[in-house]
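Structure in structure tokens, see below.
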Amino acid sequence: MVIVIQCSDKVGLVAATSNVLAKNGINIVSMREHVDTDKGRFFLRIQTEGEQNTDTLAKQLKEALPQDAEVHINPIPEKKIIVLVTKEHHCLSDILIRNHFKTLGATLQCVIGNHEVLHDICKRFAIPFHFVSHKNISKEKFESDIQLVINQYNADYLVLAKFMRILSPAFVEKFPMRIINIHHSFLPAFIGANPYKQAYERGVKLIGATSHFVTNDLDEGPIICQQIIPVNHSFTTSDMVRAGKEIETAVLAKALHLVFEDRVLVHENKTVVFE
Amino acid sequence: MVIVIQCSDKVGLVAATSNVLAKNGINIVSMREHVDTDKGRFFLRIQTEGEQNTDTLAKQLKEALPQDAEVHINPIPEKKIIVLVTKEHHCLSDILIRNHFKTLGATLQCVIGNHEVLHDICKRFAIPFHFVSHKNISKEKFESDIQLVINQYNADYLVLAKFMRILSPAFVEKFPMRIINIHHSFLPAFIGANPYKQAYERGVKLIGATSHFVTNDLDEGPIICQQIIPVNHSFTTSDMVRAGKEIETAVLAKALHLVFEDRVLVHENKTVVFE
Amino acid sequence: MVIVIQCSDKVGLVAATSNVLAKNGINIVSMREHVDTDKGRFFLRIQTEGEQNTDTLAKQLKEALPQDAEVHINPIPEKKIIVLVTKEHHCLSDILIRNHFKTLGATLQCVIGNHEVLHDICKRFAIPFHFVSHKNISKEKFESDIQLVINQYNADYLVLAKFMRILSPAFVEKFPMRIINIHHSFLPAFIGANPYKQAYERGVKLIGATSHFVTNDLDEGPIICQQIIPVNHSFTTSDMVRAGKEIETAVLAKALHLVFEDRVLVHENKTVVFE
Amino acid sequence: MVIVIQCSDKVGLVAATSNVLAKNGINIVSMREHVDTDKGRFFLRIQTEGEQNTDTLAKQLKEALPQDAEVHINPIPEKKIIVLVTKEHHCLSDILIRNHFKTLGATLQCVIGNHEVLHDICKRFAIPFHFVSHKNISKEKFESDIQLVINQYNADYLVLAKFMRILSPAFVEKFPMRIINIHHSFLPAFIGANPYKQAYERGVKLIGATSHFVTNDLDEGPIICQQIIPVNHSFTTSDMVRAGKEIETAVLAKALHLVFEDRVLVHENKTVVFE
């Protein structure tokens, strides 16, 4: 069982939480706690042995904690996802394989593509592929067409696996911290003065490709995972594209793994990642 | 303030601990907990805001926890170390620089060398160097000579920074989990003499280094930190030695940092490292 | 065009080679040369612009070089491979995807499995799967059954993608430097069965994987590629297995990429890898 | 002996070069060649056995190669450097240690600081320290004061080891490709469209801290070396500064090693690094 809690910080929150668990005879196997002292925010992730009635436990925990506490127990035991793609296959293929062999930690419900080219690979794994064209229609219409497909399912997360259209704020706000993107670059730059402070404020995790939650600020959502890959003078542009695809695949896989194991807590524009 | 606890596992240990802290009005900034379920062992590291009367707090925690609990509060606020060397300077130089600029997280009390070659570099930083020769004397005598030097100080840890003599079980057991070694290899590969020549002959593509606590089993104590560095066919044996020195320096620096921040807990032959 | 040459070393080999190319008006885009001075062995890899009549060129190069020179021009323009598997899918899946999207740099002709479990994933990509059981028969018979399948194709390389049977020297010597294995460990550590359990017991902080050519010495053939992945105390044995699969997949993919681009030259028990 | 050549590309340059070497009975141990096909530029680095009369050889090579060829033989057998610093010690300390133990691959002639704080550490290694204040004077005067110190030596390179003043174009152009800087960030950003093409044009090598040659465009000179270090949510700004210092030290050490071994060739705003 996994318990994830965040709330405003004060003395005694760990005691309050662990007392509830102790009274229920629950053994804690692993616990990670973090306080963002700048923002006075408390973050907690607990992994326990065995399962429990989660409704009762959640009620008890909420009573023991401050009013603003967000308590999630086994937030979603088996997440369900929808993947959005354009033409590039590398991230989708990796997800299809992991989904097929049940190592994804989530269930892939369908794939939505604004091109048809990836229909075939989905069919090979018996995953529904919905072609939603963006051509000759407004962005509003395009997004409402996507919404119609999404409505047929009950996905917990939308994964943009090299989906090359920019989603409107109106669309994004329907899925707060529920859209995960893989960005083809190391976000952001930090040229200029005091880069470490900038990096700290921005909450970067690493540096090459970046996976992040999508917010209204394009490419500016909370960063989940970043990694790099070395290149050198012998790389042509296409070699760099090729290397980029490898690292994009790896970073998105890592980010999804962290999210699906409830290791990623978000507050404002930063994540706490209990790896 | 840092609190480190380990004991046999049972339900309610986090609650017991955090209740004591809450009653004392102590705010937890960061908490790491791990249970080794195979061995039924509980490990906890807590970082708090502000300082407190540690004696009272330790007493209260011991009363609240199982009898076998080891409770260390700010185990050693400023660790003191003695470094043992032979001829190679790279690890020692790194420690001397960090000690000099007060970024080591510990105080270097003296250096003991079984050769005189590193006397000069210590003198440049006004660190006492004690030459203790191993020549023409028994290991027993050699070690009792070392012990005489150690007795002049009150070091918390002995750091073997490329000390090339094997210490006897009798010596080692006087400093349980207080001797830290840097091993010139990625353990458990290439144990024994001349590992870089072995690595060269085998044509490996990576070489590593391992920092570990010293126990009676040579090169078999609990591992603190391991890292690797890539090598290739163009590396001669001496290039490998050179690369090996870089990675040895980095791994020992990382291991010492972890130990000095009380992030390394040991049980039997394994470490829990709360990075 | 790629030209790969190795022979005993002497003065003038680069001149001899590049003169032949210059006379043919061939422009060298990239050149890597290495001399193993211990063994007096010369290795050369040249990448040129455009294509050429390779037979004529090879003849001219052989005339210009020592008698023992091995000259390969575009050694195999499009390599063909057969993959051998047992039950684990991760390396095979990665190869299937890359083969399907034509980014493997080789053509997968068929898969041979000593269990049937991976038949299904091959069928999804329309790749022939041959089930060859090892049960209730001698190793001799098992290997001759495999050989019968291999004979139906014309593969350049056999790839052991988590094939868990040990091949006999008699079988191996039929495919000198043409069998590529992925080893579930950082060689030479943890040789033998259940390496992840060994790694867990030892409390290592890194685990690695090694891809190598198969020779008669089990796990001792020339190493092509090695990489590591960090682990920590919170990893159970099965977490280590899971992390191991990620690194095995990555290392085998890298090794195949290097071999298929003719970047790996072998002499005795070591490789020269011109990355 | 190391031979480094660059010129406009045409067929037969390797042949022309290697013929000259063969006629002189020189054995090539390692050879790296690269052609920038976009710019039609040829780069060559050759490592040979033994030493030779370099003047004669250089003359012969120049005769055999295009008029625009730059031929450097053992460009500078033992480079001499001057280090410029402000207050931070980490890069300087590393250079002082390597210089002292003769593993730097160059000779440190003196240190120039615009603060006095690092005078002491230089004195410990008997390295002259020149204090040149920037206070209450024009940049012009400040730089002419620095120039006066430089004039007392004959350094091949100026190393900016956390020198926090921006040098004027007038100063910089006196030392073309002879000033090496360590930048406290990953250069550059690549936000926006087609980042891999941008990265290719920019010639990046890696990604965290960046070491580059200084040109008139601030932080825009040819990149020599880049590396990253992972950080996470638990890092405060000062933890990030601390981690940054570790990676800055490592990247500058690597860059200097590459430059001092004549592995870095520059053309326009990009480097070719034959690692």
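The chains carry the letters A, B, C and D, assigned in the order they are written, with residues numbered from 1 in each.
In this text, contacts are C-beta pairs under 8 Å (C-beta built on N, C-alpha and C of every residue); 3 or more make two chains touch, one makes a residue touch a chain.
Remember, it's a predicted structure, so these values are computed and weren't measured experimentally.
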B-D or A-D, whichever has more C-beta pairs in contact: A-D
Centroid comparison with subunit B (C-alpha atoms), farthest chain: C
Subunit A and subunit D: spacing of chain centres that average the CA atoms, whole Å: 41
Mean-CA-position distance for subunit D and subunit B (Å): 36
Sequence positions of subunit B contacting 2 or more other chains: 30, 34, 234
Parts of subunit B lying in touch with subunit C, wherever the complex brings them together: 34, 36, 186-190, 202-206, 208, 222-228, 232-234, 269-273, 275
Residue numbers on subunit D that touch subunit C, as the complex places them: 9-16, 18-19, 21-22, 25-35, 37, 49
Touching residues on subunit C, where the partner in the complex is subunit A: 30, 89-90, 93-94, 97, 100-101, 103, 121, 124-125, 234, 242, 250
